[in-house]
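Next come the structures, one after another.
Shared chain: chain A. Partners: chain B in the first complex, chain C in the second.
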Partner chain A sequence: MSNVALAPEATDVDEAQKLRSRLLRAEIDAAACNPVVHYLASALFWLLLGSVLAIAASIKLHNAAFLADADWLTFGRVRPAHLTAMSYGWSTMACIGVGLWIMSRLCRAPLRHTGWLHLSVLLFNLGNAVGVWGVMAGRSTGIEWLEYPKEAGVLIVAGFIPVMLAFVDMARRRLPGHIYVSQWYLMASVFWFPWLFLTVQVLMIWSPVAAPAQPPMNWWYGHNVLGLWFTPVCLAAAYYLIPKVIGKPIHSYYLSIVGFWSLAFFYAWNGMHHLVGGPYPAWMIGLSIVASFMMVIPVLAVAVNHHFTAFKDIGLVRSSPTFRFVVFGTFSYTAVSLQGTSMAFRDLSKITHFTHYTIGHSHLGMYAFVTMILFGAIYYMMPRLTGREWPSVWLIRAHFWLCGVGVLYYVMALSIGGVKQGLWLLDDSVPFMEIVQRLLPYLEHRTFAGKMMTLGHVAFVISFVWLLLRKPVPKSEPTLLAKNPRPEPAAIQSV
Partner chain B sequence: MHQFRTIFLGFLATFLSAWLGLVILPVFHYGSEAKAVPVPTGELAVEEALIRHGELVYAANGCVYCHTQQVRSPSYGNDDKRFWGDRRSVAADYEGDRFAFLGTMRTGPDLANVGQRLSSAGWHYQHLFEPTSTSPGSIMPAHRFLFERRKVVGSEADAEAMTLDAEGNKIDAEGYQWLPSDDARALVAYLLSLKRTVTPRPEAEEAPLR
Partner chain C sequence: MIVPITLLLVTVTGLTISAILAFWWAGGDGQFQNLEQGALSVFDRDEMPEPPAPLRHE
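Right, the complex of A and B next:
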């Protein structure tokens, strides 16, 4: 069965060429194995820690007495510790691991000087440790998405330098030919992220500018770190993995160009929709509302491309863990993006703006889209990187269903609760304390959903560690969730 | 596309435009206005230092995750009917702060004018110490870690000691009382300073957003 995707390394011309490609892939995977697994394993540690913090924070919102005596466990510290551990520990480190490997495969350039990447992992881990510790010890900046104290930011900036250099190095050494859309997204995001992060570190934390100028940049950052860092990396992964798994090219090359440029152009202007109704001039907020509406273009371009490609062989969700997670993620991307656009409009924003609806929305994005795609990518990468197969179908199933159902349950609970909260807030016949009380059941449902997702993470981490403890088996069969009528290309292509 | 250079210049240019518009422009615009705020001197400077310390306590303990500090226009929401402020907030209301804690969530009420609405320091101490004692039904966590447990000298508790139960006792069974720490004093000074919509601002008088 041919394995033609637009991805250049997948183009097979003849048998000799095929063999050369296979040897090159083996070389790429061998070079990437240690640093990438180092990133992913670290990311999973932060995922577990972030999950525990999440449950603690969630319980506290319906049971104020839970762990209330110690200052470092108060809600206002546990919540930002959760958010930062998840965004800079789990998501950022997993995105770097996944991005490095995909870039290396697509450039057909094995990673070099990997010692620097190991140093980068250490700096990131140290930065996250110092950051989470600092937040819980009472040194949080109180700025949403940027709670880590100063020195953690310095460590993260330093940790990102080797990553940028590795990407530039791969781009320069790439074998001649077409540049695949995943490479565009990855290359752009490794420049966007440091620009975003350094700007806000300098202007809000290292040397703060006048207070009225800060909220616009806070939300310029808070929004763009999602749309111009996590999103492009995960879209790149989906663009790479869907054709790889089904063995067919992407639906439309031209649409992928439209999708990329319209994202780059419109997304960067979105941030101010977080301040709809807030104390800023109408032109700033209006501009962001328009840009948010224009986001329909890149979202539909990507949606058509991902869904039409996936539907060429959608039955594979039954057998391929990678495909199942990635398809879940791409559907969530379409949903969360269209929801995001709708939330920028004044009439809906008036209701949902200061409510749990926003938290539901953010988890539809950061979890149901970003995290699920990262899980799918890791399922694809680990056997290829390490030559070891996933040990247990049951653990993969448990992981998928607990996290998939968990996050949908989570989003439903907070969306319904959030809309009601918003309507009650607008109804001045409902006293404020009454709203607090009426919301408790929704928050209890949220805790239950969070526990499901955490259990899924435990299943995944057991799988991951178990895989690493196994002996590599050359030419083994891939671990599939069901018997596959048309088998996936052998998982360990590299051996 | 076969060249990274074109793509590279393209995505840096698109990013740069928004960076200039949403980050750099506001820095110059609001930065120049902020210079006009007079720096307090004498006793006012001491009070100001306490308030700025309280702002850090507010930041460190994550008050911002449940409380906003922004009043929306009466044409957009009903913040005025909940007595959160008489006019909409404008950017200049945050001048002199280290950070503008606008907030994104109203699990608790808006605090933009809490110093005007609830002007008793004693109420705030008691509320921070045990929120349900002043606000039955509240899910705000008790901030006992902002208070110090001290042995009572003599038979009477200090005037500022916290009320410990419904009977109004201020001394526990072991003869101890709870007094506000420096952090609690700073935080309450900050909360009492929040009277953001008291000063009239011409820009708030403009036609509402819609």
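Right, the complex of A and C next:
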């Protein structure tokens, strides 16, 4: 009897809570809109610039006369300018934008003091501009992943401080209860990145340590910036977006926790496998190889979780742009991680080290995994942040196919070419110049694939700018690539 | 060589120790209990997925 009497009141309370959730979400999106779009728009500028620099560098590898007259366009300047613009301009700024919004949504805490975040965007943009300019003017430090001159590093560190404070502020105001796995990854990454960056800035740029100690330091940073900054942010995005799009929870929360903590324990010890065969104590390299093998644990935990969850409703790849990009990214993560573990072993490293295979591997990680997930996240976020829908299905399709096919083509060309290169280099009977000649077709394929990806980026930037120029229509239908096979879950709607 | 290698190891060990401390805190805070609830914490109240249909014999 009492149950019957309570039922209407319980429903009212439930409805009120649901309404409160919707209003809170709208408040969170309104607070995040300006700073996050500022980050993303800036990131896209660096993506375009980095793509142009990438094509120039790629062409130079098979056509040495290309742009050879200007000293600031030589390969030794264009290539590091591409790498750093993509790392600190595109990927880092997009990771911050995506991370801020997801953290805000999961903590149920609107961003505050957004003026500081706008200042952070300006500092990042200034740092990247000074850095790219410095590298192209010939003032590169010559240290891989850290080519920017020292003043650019200071600006980037300064730009990251408001980001850290914003994350801490959101975590402090989070609603009580479980911390979702994405929050674990995001909170850890915003502390890991400045720790890594500041350590190498001090020990390699401002007060350089003795020369023999620099390569271990360099690869400690070079490897960890991938695994403890870009990777956690993108895994956090995938863990957030897949359940949201399909409207079902992740396959195993237990595994997701195992994945996070094993990454935290094992990843920091990986970097030295880049120096296999180098003049360093065997225990240092050996420890790093063991840690690289241990990475199988977090990788498989994440892979099982992402793929099993996605396969609960895999048909959505036909209709949802977000899901399509994110699923592509998660499969690439599994592939690149297992490939990375195998490359740490001495036998394989002997062949692939110092070859184009490594470049293919890094693009499988930084592009097919990181960049594709960031694209997917941006497709999900922008309609919610701005109240505007993506204007053209055709542009989204062009973006996906050009970038997806482009990066796979790129990785295939460099992987095949790289293994052949490694085997030829180990063969004393093949002259070095002949190896250079034999590799030219693979490098031409690389340029072609790079042009495909760049065209995809142009399509995405047109979409992004077009969306911003549209009138807000809060209750419009989502832009899907095909008719949705089933009724929309609440999570896929724009509000 | 000794000083930078020591610094490097201290930093790596620092990362590991901070991970252990965070792990310790998470355990004390109950983050490793009732994991089903943790999986659902990604959804807001109005987004909660429908519970799965009961099996035939239930």
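The rule is simple: the second predicted complex is superposed on the first by the 473 of 495 C-alpha atoms of A that agree within 3 Å, B and C clash if a C-alpha of one lies under 4 Å from a C-alpha of the other, contacts with A are read in each partner's own complex, and residues count from 1 in each chain.
In this section, contacts are C-beta pairs under 8 Å (C-beta built on N, C-alpha and C of every residue); 3 or more make two chains touch, one makes a residue touch a chain.
Predicted model, so just to flag it, every value in this text is computed and none were measured.
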item: Fit or clash between chain C and chain B when superposed on chain A; value: clash
item: Touched partner set for A:L119, first chain B, second chain C, both or neither; value: neither
item: In the superposition, chain B vs chain C on chain A residues touched; value: B
item: Partner chain(s) touched by A:L203 [first = chain B, second = chain C, both, neither]; value: both
item: Chain B versus chain C as contact partner of A:K18, first or second or both or neither; value: second
item: Partner chain(s) touched by A:W195 [first = chain B, second = chain C, both, neither]; value: both
item: Partner chain in contact with A:P249 - chain B first, chain C second, else both or neither; value: second
item: Touching partner for A:A26 - first (chain B), second (chain C), both, neither; value: neither
item: Partner chain(s) touched by A:A213 [first = chain B, second = chain C, both, neither]; value: both
item: Which superposed partner A:I179 touches (first chain B, second chain C, both, neither); value: both
item: Partner chain(s) touched by A:L408 [first = chain B, second = chain C, both, neither]; value: neither
item: Identified clashing stretch of chain B versus chain C [24-32, 150-158 or 186-194]; value: 24-32
item: Chain B and chain C footprints on chain A, overlapping residues; value: 177-179, 188, 191-192, 195, 199, 203, 209-210, 212-213, 216-217, 220, 228, 257, 261, 264-265, 268-269
item: Footprint of chain A on chain B - complex, ascending; value: 1-4, 7-8, 10-12, 14-15, 17-19, 21-23, 26-27, 29-31, 33-34, 58-66, 68, 70, 72-73, 76-78, 81-82, 88-109, 131, 135-146, 209-210
item: Interface residues, chain C side, partner chain A - complex; value: 1, 3-5, 7-8, 11-12, 14-16, 18-19, 22-23, 26, 31-32, 34-47, 49
item: Chain A residues within the chain B interface of the complex; value: 60-62, 64-65, 68-71, 74-77, 79-80, 138-144, 171, 176-179, 184, 187-188, 191-192, 195, 199, 203-204, 208-217, 220, 224, 228, 257, 261, 264-265, 268-269, 271-272, 274-275, 277-282, 284-285, 287, 346, 350, 353-356, 358-359, 425-428, 432-433, 436-437, 439-440
item: Residues of chain A touching chain C in the complex; value: 14, 17-22, 24-25, 106, 108, 177-182, 188, 191-192, 195, 199, 203, 209-210, 212-213, 216-217, 220, 228, 239-240, 243-244, 247-250, 252-254, 256-257, 261, 264-265, 268-269, 489-491
